[in-house]
Amino acid sequence: MPYVNIKITKEGASKEQKEKLIFGVTQLLVDVLGKNPATTVVTIDEVDMDNWGIGGVQVSELRKKSKS
Amino acid sequence: MPYVNIKITKEGASKEQKEKLIFGVTQLLVDVLGKNPATTVVTIDEVDMDNWGIGGVQVSELRKKSKS
Amino acid sequence: MPYVNIKITKEGASKEQKEKLIFGVTQLLVDVLGKNPATTVVTIDEVDMDNWGIGGVQVSELRKKSKS
Amino acid sequence: MPYVNIKITKEGASKEQKEKLIFGVTQLLVDVLGKNPATTVVTIDEVDMDNWGIGGVQVSELRKKSKS
Amino acid sequence: MPYVNIKITKEGASKEQKEKLIFGVTQLLVDVLGKNPATTVVTIDEVDMDNWGIGGVQVSELRKKSKS
Amino acid sequence: MPYVNIKITKEGASKEQKEKLIFGVTQLLVDVLGKNPATTVVTIDEVDMDNWGIGGVQVSELRKKSKS
């Protein structure tokens, strides 16, 4: 009965991509730890790029720089 | 001074229902552990049904099947 | 299929008290939102009093002051 | 490589204010613990005032009372 | 730069199993979303079985019943 | 009434260092957003180095390599 929370920046992940994440993580817990998939819960948080920082800088700013 | 986070699927919980969750959880911590309600914090996350999976399947898909 | 995380300071909550928290929160979600208890998950984190602060002060220090 | 999650009520924090939070927390971890800022991650959750409670009352209700 | 938190019951997962979870989730995010593994962070919380409930019952009690 | 959770690897942070983190984050929220420190809560999770991964590798392994 594991619980997994995945946080990613909000950059247009599709319903199909989210489905793959949910299925893949659930299967991983079955394969590695023998967990019961029926009670394995996965949630995905999509975080605005202004609200995510790495190295002290907002991702929204990092993305601008990497494009210029 | 407990902190409680409640995650539910985003399916139209009303302001009154959220109020009942917040009040009820706070009261539970007073009753069971004698916690001070004044510093008990509760947050509710409403998660899109595409972003919540159980048994490796998105809730948005589970809801479709249960209706058909 | 809600997921609830309860954080409390580590001050000797008994197994029975934790059972009451788990049962009580699960029942609250049934009563208020009609959620299925079978897939409702509750986890409790007990946090060391040095690792919890309110008002900028560690709970371990607040407890000392309230006793003196 | 710390990870910090900041939850605040959704009340119009600006991009610049979020930048200051991200930079400030990252710098604090460098100053206090000597952590590497390059792998320090900060996320900010802005929570609807109906979904945040303290003392068993929604912040949306507390704000009304403090204005009246 | 995703952040993933995996919560499992504390039942003796080995260092090697944890390594497989960390590697597997990181690779999944590369495969599905093209994320940069170098800044993908995974943490695992092992939760005492008294502190985890499903269906309103502690896992420590569920385990006893399934053995009897 | 913000809530902040800081996750760091368990590598012997002292009580004084944790106090500085709690005080510093609380003050940052006062300075940047004008939040009330009295209801600002900070929790620190110290995560075992086997349970923290970056770049798909456990921190316990990364620390070994950086020393050799």
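The chains carry the letters A, B, C, D, E and F, assigned in the order they are written, with residues numbered from 1 in each.
Definition applied: contacts are C-beta pairs under 8 Å (C-beta built on N, C-alpha and C of every residue); 3 or more make two chains touch, one makes a residue touch a chain.
The shown structure was predicted, so the numbers you read here are calculated from the model rather than taken from an experiment.
A.B. asks: Could you name all chains that are in contact with subunit C and with subunit E at the same time?
C.D. replies: Neighbours common to subunit C and subunit E are A, F.
A.B. asks: Compare the two sides of the subunit E and subunit F interface and say whether they are made mostly of the same residue numbers, over half shared, or of different ones.
C.D. replies: different
A.B. asks: If you average the CA atoms of subunit D and of subunit E, how many Å lie between those two points?
C.D. replies: Each chain reduced to its C-alpha mean, subunit D and subunit E end up 26 Å apart.
A.B. asks: Between subunit A and subunit F, what's the gap in Å when you average each chain's C-alpha atoms?
C.D. replies: The mean C-alpha positions of subunit A and subunit F differ by 21 Å.
A.B. asks: By the touch rule stated above, which residues of subunit B touch at least two different other chains?
C.D. replies: 1, 3, 7, 39, 41, 43, 45, 52, 54
A.B. asks: Could you run through all the chain pairs that touch each other?
C.D. replies: After working through each pair, the chains in contact turn out to be A-B, A-C, A-D, A-E, B-C, B-D, B-F, C-E, C-F, D-E, D-F, E-F.
A.B. asks: Would you tell me which residues of subunit C are touching subunit E in their complex?
C.D. replies: 15, 18-19, 22-23, 26-27, 37-46
A.B. asks: Where on subunit A is subunit C touching in the complex?
C.D. replies: Against subunit C, subunit A makes touches at 1, 3, 39, 41, 43.
A.B. asks: Give every residue of subunit C touching subunit F within the complex, in rising order.
C.D. replies: Interface residues on the subunit C side: 7, 45, 47, 50-58, 60-61.
A.B. asks: Which residues of subunit C touch subunit B in their complex?
C.D. replies: Subunit C residues touching subunit B: 1-9, 13, 17, 20-21, 24-25, 28-29, 31-33, 35, 39, 52, 54, 59.
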